[in-house]
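Take a look at the structures below.
What follows is a pair of complexes built around chain A, which joins chain B in one and chain C in the other.
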Partner chain A sequence: MEEGGVNVIDLTQGDESFVKELIALGADELRECIQCGKCGATCPMALAGLEFFIKRIVHAANLGLRDILLEDSSVWGCQSCNRCVEICPMDIKPYEVIQAVRRAAVKVEACPANTYEGLRNLYRFGHAVFPKGFEERRKKVGLPEKPPTALSFDEFRKKYQELLRQTILEEIAPFPLD
Partner chain B sequence: MQKIGIFLGCNIPFNRPDIEYSMRFLLKELGVEIVELEGATCCPAYGTMPSLGLLEWAVASAWNLSIAEEKGVDMLTGCGSCYGVQNEANYYLKKHPEIKEQVDKILAKVGRKYDGTVKVWNVINFIYEKIGLDTLKQKIKYNLNGLKCAVQTGCHNLWPSKAFPSGEDNTFFPKRLREICEIMGGVAPHYSTITDCCGMGALRSNAPEKSLALFKKKLDVIKEELDPDLAVIGCSSCLLQFDAGQALLIEQKKLNYKIPALHLAQLTAIALGAEVEKATAMASIPLNGVITKIKGGN
Partner chain C sequence: MCTEICPARVPNEYNFGLDQRRAAYIEYPQAVPKKAVIDEPNCLYFKSIKKTGKPACEICKKGIPPKGIQGCPADAIKFDDKDEYMNIRVGAVIIATGFKPMPKHYFKEYSPHSPDVITSMEFERILSATGPTGGELKRPSDGTKPKTIAMISCVGSRDERYHPYCSKVCCMYMLKHARILKEKYPDIKLYLFFIDVRTAGKDFEEFYVYTRELGAKIIRGGRVSSVDVKPNGKLRVRGFDVDLCSPVELEADLVVLATAIEPPDGVEELGSMFTATCGREGFLREVHTKLYPVETQARGVFIAGCVQGPKDIPESIAQARAAASATAALVIPGKIKFEAIISEVDRDKCSSCGVCVPLCPYTAIRIVEYKGKEKAYIEPALCAGCGVCASACPSRAITFHGFTTDQIMAQIEALTEA
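This part shows the complex of A and B:
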């Protein structure tokens, strides 16, 4: 959208193959949407003021507006709260549309840098959230420095990494999987 | 003796181990044997493997579920994301046999298997159904003495309800956390934004100012409608927002009041006689008044 302009959706930009891609990536009931807007009425992204909240994302997905969906970062601000899934009268699982857009975006590296940070931490340590200084915090409450997760067991961590390498992560990770 | 696998996730062991201490304490006091899930990983968080593909989501969660299954236990988590992600993975594995088949193959390659028998519990539902309100009432050492609580169940503990093993009669009017606070001697009224999102999670990571503004809207309603002594939280991510996030708003001079916040596991542990210094070790908003009231003061 240009500054001061009106955000008009250009229907000629629609790409049917993108709709099919999203359906294949998990948005399997996308076509059933009746545009009732109930999802938007419960969406925290809408309440927080993100331009592309769930109703607009489902609409754009149904029109196959690939560029709008991949250029706008709103899908990455979705809380995965699933209110939309709970409330959708057509059971299209709107949140799955968000995830399908994310899955399409990752394939062309159209995702925020912190997505890779989480994936890298998950692969290296077995934990997507891995903040510094945790050893001291754990000692303070009388717990061992490391929790008894994959972090403490090399054998488990290596097996878990082997599992992750069997997925699409092997193809898209912009960091070494060794 | 009842047994449960303790699923730690990431934020609890690394950012808020005072919740882990509290979970371990309350399980011991309530006579539940803790089974360690050695080798467990991240759930995995919604922004990681679930955002790459449904198979990616299901297989990464199945790793954790298979560890619990091998030990013959269900899982307990204090984190809403861990609860939502793994319950949804369980749901997808049942609903999509073609995904389950692929998951089985990958698990077999790393020497694991998962038959789909594990249930994932959060602290609210575990106390409510597996312990029971009457038992909790009998076991507490410190009554909450009329402490006024504003409860926050957390989105991932509520929706999508069809994927969860148990839950509220009406997810848009949650009562369980209120009932738990009240059986311990607190007062926990309904308020108009009780189910509103706290703003933690992907929104906080990707649009921090909007996230904190959304949180402030909720806090302002809580302050105006309840003016509580304490916020009682069912999810570790919500607690990070209610505690450290609130401290940040105060530091930025965007908030001129304080509402102390505890995870339900922390509050229950304290009522059961846990060491307060450990149960609240990482709290940013001071809890002195709350603790004094619980320990029998004014």
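This part shows the complex of A and C:
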């Protein structure tokens, strides 16, 4: 953005290598999007009033606007409903663009803090959503403190963590994998 | 031969002055006939003859013998040859003078003074193997290869200040240029600014999608508001991207303006010579868009190609063929059917006043000798049956067949009958 410029997007910062990266990360039809807007007309992100919704995300991705995409948290607002994929007349699979941007963001640790929390919980407990004090609440209604998941079976959890350590998580996790 | 040894150089019109040609030259490599001509005002022979009476240069004819350079081997240089005008009698005429691309100087907001702001026609020449750079992509200012190019559509088209119409072919040739560039230089950055992309018809949308696939960036809703030359010699392009929903800007090395297709110079005078008229936008007008698309209101005068309005090559060819068939249908039978509703002079009544002659919009009336006197005569093949002459004739010597006074009175009577 030019000094003093207000809300002007500088296309010169568009980076084709970012476009290629996204294509390699699964957004392989990205460039063929004709910006018809059909996805934007069905996406819950857009319907909920998010300004940076799917159609704009696909366009920004196509222009290689890395910083704009990674600084904005919109891609994390996607509900993975896949309505866009079903409806897109150019078979762009817009959701795959979202996923590709997320993958690119994870690589450079450009995710909102709560996504890391979810990731850490997933690794530690096998649950992405892990609200504090759930044990008491379960007890109150007469349930065992721990649900019958990885939480209750340490052995399985260890195995599952071992598996996760063999994934890209090993490289990118901003927390110790112990 | 002569086109290489002639020492006089002038800007090459065919390449829009981006390079030079000699005074002895062939207009362009595909010229028909492909023959060299001498451009008299710029030829040193003619210039010196005019000034001193003596020829200062005859290199094309005689060569430069001390240097072993030979003159025209066919001995075809004739300095005493003159331009000739020929009168040819024909039965029909097809006007197909083409169009003129709008020059860039009108668009002050796009820094037309910069040599790196060029029109698409100039860019077309730069991309051509026979163009001013031999097909090499170079910036006109410093000869470097541009890394980022911005193309702007609708320059002078869809613009009430210049031309309200859409020039129709620009979207497609911009995509064509983008495709040529991307195929040849995959790393080049291309930004195409459109109001909207008009790719109507068979194969065109596919071409558009393919160009996008190659990595050309399409910015819509974005007629550029300004192009400024920055101190570093680059061009700052400001536009609006409706898909990002944001004003955008770009630093480009080269800016290509898709300027409007305009009627060619002098088309109005040319048309009036044939009593064919121009429409509001200045193109020659057909009689009827659907039913008589190549006919003008002057009988025997047809139009084809961009002189009638902006169109692409397939359309121009289709129209040219239609005009050729219409011409053949008129001329080949060797006789013409006259319309029934035309005017005729009763020359015995004509007072020879001549009032009717300048009134006829189709120049169908002449004064010719009849029984030793000058009388008006209406050429039935040219009369379009408008009736202007009949109503103006003070001697009531002109009968407008189908609308005689008796017939009109009878019509009025029938209409007003109680």
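Criterion: the second predicted complex is superposed on the first by the 165 of 178 C-alpha atoms of A that agree within 3 Å, B and C clash if a C-alpha of one lies under 4 Å from a C-alpha of the other, contacts with A are read in each partner's own complex, and residues count from 1 in each chain.
As a working rule, a residue touches a chain if its C-beta (ideal position, glycine included) is under 8 Å from a C-beta of that chain, and two chains touch if they have at least 3 such contacts.
What you see is a predicted model; the values in this text were computed from it and never measured.
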Touched partner set for A:Leu164, first chain B, second chain C, both or neither: first
Partner chain(s) touched by A:Gly142 [first = chain B, second = chain C, both, neither]: first
Residue contacts on chain A - larger count, chain B or chain C: B
Which of chain B and chain C A:Ile34 touches, first, second, both or neither: second
Which of chain B and chain C A:Gly49 touches, first, second, both or neither: first
On chain A, the residue positions that both chain B and chain C contact, one per complex: none
Parts of chain A lying in touch with chain C, wherever the complex brings them together: 2, 5, 7-12, 14, 16, 19, 31-35, 51, 55-56, 59-60, 62-63, 90
Residue ranges of chain C touching chain A (in the complex, touch as defined): 148, 187, 189, 191, 208-209, 212-215, 217-220, 238, 241, 243-251
List of chain A residues in touch with chain B within their complex: 25-26, 44-45, 47-50, 73, 76-83, 85-86, 95, 99, 102-103, 106, 111-112, 114-115, 118-119, 122, 126-131, 134, 137-138, 140-143, 147-150, 152-153, 155-157, 159-160, 162-164, 166-169, 172
Residue ranges of chain B in contact with chain A within the complex: 8, 10-11, 13-15, 17-18, 20-21, 36-42, 44-56, 59-60, 63, 81, 84, 106-107, 109-112, 155-156, 158-161, 171, 196-197, 199, 201-203, 205-207, 210-211, 213-214, 217, 278, 281-282
